[in-house]
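The same subunit A turns up in both complexes below, where it pairs with subunit B and then with subunit C.
Now for the complex of A and B:
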């Protein structure tokens, strides 16, 4: 394992302490916004493992999130299965689906892979409406799915706990040789193969990890919302929100997708009182575009640039 | 460095805490689409009611504040919007102009916050079933539009009386848009209208909502040999209607066309939307209004006549009367408490008469009260009437006809009819 220092650990610790104290500092309405940001961060991290690292751009990530969400919702809501059992099962089912998702990556890449994954999502959107609507709730979905916690504070801690465990785990994983190899695939897959590594195995593992995170996030998400509908999950806007969060925050990092998720969620919610209608999406899109044009590597890189500048100035002073 | 970090942290925390100062009075929140005609109708209907209440002294002598949260007709945005109204704005009462799956999305939040909520557009019977199953949890919820099951029951009568008996039709081809709404209505048509009215569905054609060329679809529909086309369209409905007219499709077309529920329909179709009929909740375009509703419609037109919808959709009326009732109930309950307000809301009963007979009614079915025709209960749903002569409430729906000259009329049920069902002149 390379590149982990005490400073990294200290920064994570400061962040965790700050987030744990957040309910003491902010309103419940703000906590609700943070909860959505936490979930978006989980989905963005999951997407980044496949697409940000390996370069296999997925437009169908809600396929995986939706399988996790629907599996636990059906098992708990229709069959009365305890959530403690339905969530792990949902994650396992999502990982199996992740294998399906992986198959096209054996033959196609680039825009073709993106379109195939989009087809996965569209297929799922159609299937949940027509196959066993008595289980899926059909077009209207299900309302009244068991929630794991009540109130903004409890749900905040739950979603933050999940997000931070996933983020730190993924951060550590990406610091290993596996993470380096994935990034190398994104740069030049042939070279990685030429160096003797099995890119198929590496990609399969990346897809499994991504599916696990997506399944976990999707399952907890539905038990937070308390409802599920095909239009809410298998939607192109949902895909774009995830992708924009990663790109604005900074792809191929863990902190980047988290930053992007928080930035986008808060931007939209803070605009709500001033621009209650669709106009806020225009502002949101414009700001996202300006940031992306200013620094294509995202907010993470902007922060790092400032940090490097600060250190240079500090070094000059001493 | 430390002091700079401190300042940054404080600024960050302060930016988080920036919430909106509530007024001294009561706060009403609107949840729904701010860009759809139906959503804006409800938004504006409630605004007019609130302005009238404020002009009369507000609530308990304090002004009523009105805030809005857009759902964009998106389920997740709906949940965020409900949370925003509940936790950031801390509203006392929520008026909803949401569609079915959006309402179902925020329903768990309503149960959690127990904020009195009135839906003016969602008509899903599944929500009424949720009230029956979990009365305590759902007690703060009311729906002042007739549930879809009641609407479908009355629509079957139209099928029997007009389509089957008067026109002699016994086969239909269903043209359904590929949406949640389309699928749900198609289910009702296949399960109720066809078997009950003795009309056979010979084919179902599902089309994409982005379709711009309906010629091949109409061609396939005509080839089925069915007596008429049953259209189910809620998105871009003016496109399918205007092409039906321009292509002079040689089959009659009736069904559900959401664009045709508003007066802008004629303008939207470029004057080529005539010859179709659609079911509509009441009051609809072409509906003869009672004096009180006519007064509201006049106020609405004066105030919003320059931007669409220039005339309120049915849920604009529902929002107007619903807000009035919600505040009357709050007066009696001493506020919007989740324990007392629902009981007072259940007692509300506005009877609107026209020419001495009951025309519209804003009251609610009581828990346990059985509707005779369907033999089931509809707690907290508007007190509709689905049995002629409709002297216990307004009918669950009416059927409206758009004629080729751009005029409209209600054609069913007979008590409310201002015109007759007709097929376009090009249909033999």
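Now for the complex of A and C:
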């Protein structure tokens, strides 16, 4: 909620340079894990814009991601539309469909919002299986969807490029008074209204931004995987992964969801040999709880605290 | 004294009232919180609203702001009906309130709290135009914050400071009619004097006000007229002295104190 300083810019630059050099430093296997982390970061940032800031918890983000993914997959795979056209179209469709469906949801409060969004996700899961399975691929989904890049390194650069463009633009957007207003809604919506602002309009706009990012992420994700599997996409575990990434990283920030996404992806990756099945999802709850007990504001705040401590020590030395 | 006569003459000239409430009714289930209330406030006038706890004072404010919808009756601002407007639209008409229990933004400092009040209700401008720190500071200072308070968070503020912050955020919306709810509650003697001074300044500047307070001694010099209410209805209306002399008021109110 403070302005942008040269130190911020420098930190972003250092991070970007490090990530650009990453393929030189790590194995292809690790790089594939980072690709997933990049996509999870995109979804987490999207979720945070509406839910992390305003406190309206969405359980339906796979609905948005799914619209983006299905639209571009169907347009390009079934109708031979070039990806350069189908992806922007998919993003537009996500924003429009998301707005239409969520408009009623925005008028309800708290847990009702969560329920309504969850219902949309479930509805979408049922719909893609029943309506026009010749287009959606029904229960099995689709495979053979055009991929945009070949090999781990290229796909890594593509996913990182997308993630960093989204992260930095969202970071700049959230530094404006618009971001402040969204956070204010999360703290006390009545007072925001009492300050003369239409919170309905603010939430709707935040939702459209969130849908845009989710649509972008979903579209690129399907072109990375080359396939779409409704059961994995419209899965409550997928929603939890996104939410837990934001919460352990630090809601209402941009760096937090990124941190959380990377932390969670690598944690699950390293746990895979020991906990192969769904048990590893139990780990989510425990980790989220431990971090929450230590610092409710998440990893981002833990890092910031250490940094402030370090600054104080440094200042004491000189 | 010159101020008072200026206000009086303006009142005579203006036919339309700044705010007019007519036959206002608000039911909460079977409870009648506002019972056929009718009153007016003229431009530049300061009206005191008194009554025991649960009389329905805060409910009136919420109805005027559109935070609650009336069961029936009308609310007009300069003769135009505002009942259909949403809260933010009423604020854009220059009506603003403070809350009995201050409602700051907990994770924002004093200046950031004021920043929200200063925001235009236009997302494009919110994004493209920078905040105005000078105006934020000016407002913070105008309600009596010192420089070292600017970056404090609500959790570090006293109830008096929170009321000041509430007032600053309300003033930030640039109101011409202010509804002040229990402005003196929980304040120290020094803070009461400071708050009264602030209200007086706004009054001198021509602000229309409705003030709710239990602290009658502090309220008296700040108002032109008083309304006493109980059970959602007006019990007495007139000058402060007249209202306090009313038998019903003495019975319900002074017995309550």
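Heads up, the rule we're going with is that the second predicted complex is superposed on the first by the 297 of 318 C-alpha atoms of A that agree within 3 Å, B and C clash if a C-alpha of one lies under 4 Å from a C-alpha of the other, contacts with A are read in each partner's own complex, and residues count from 1 in each chain.
In this text, a contact is a pair of C-beta atoms (placed from the backbone, for glycine too) under 8 Å apart; a residue touches a chain by one contact, two chains touch by 3 or more.
Predicted model, so just to flag it, every value in this text is computed and none were measured.
A.B. asks: For A:187, decide between first (touching subunit B), second (touching subunit C), both and neither.
C.D. replies: After superposition on chain A, A:187 lies in contact with subunit C alone.
A.B. asks: Between subunit B (first) and subunit C (second), which does A:178 come into contact with in this model arrangement: first, second, both, or neither?
C.D. replies: Once the two structures are laid over each other on A, A:178 reaches subunit C alone.
A.B. asks: Which partner does A:247 reach: the first (subunit B), the second (subunit C), both, or neither?
C.D. replies: neither
A.B. asks: Can A:195 be said to touch subunit B (first), subunit C (second), both, or neither?
C.D. replies: In the superposed model, A:195 contacts subunit C only, not subunit B.
A.B. asks: After lining up the shared chain so the two structures overlap, which partner does A:269 touch, if you call subunit B first and subunit C second: first, second, both or neither?
C.D. replies: first
A.B. asks: Tell me which of subunit B and subunit C touches more residues of subunit A.
C.D. replies: B
A.B. asks: In the overlay, answer first, second, both or neither for which of subunit B and subunit C A:150 touches.
C.D. replies: In the superposition, A:150 touches subunit B alone.
A.B. asks: Across the complex, what residues on subunit A touch subunit B?
C.D. replies: Where subunit A meets subunit B, its residues are 18, 22, 25-33, 36, 129, 138-141, 143-145, 147, 150-152, 225-227, 229-232, 235, 237-238, 269-270, 272-273, 276-278, 314.
A.B. asks: Within the complex, which stretch of subunit B touches subunit A?
C.D. replies: 1, 9, 13, 16-20, 34-35, 67-70, 72, 74-76, 79-80, 83-84, 87-89, 100-101, 104-109, 112, 124, 126, 130, 134, 179-181, 183-184
A.B. asks: Which residues, counting only subunit C, touch subunit A once they are in their complex?
C.D. replies: 65, 67, 86-88, 91-92, 96-97, 99, 103-108, 112, 115-117, 119, 121, 123, 126-129, 131, 169-170, 172-173
A.B. asks: So in the complex, the part of subunit A that touches subunit C is made up of which residues?
C.D. replies: That would be residues 1, 173, 176-178, 180-181, 183-184, 187-188, 190-199, 201-202, 205 of subunit A.
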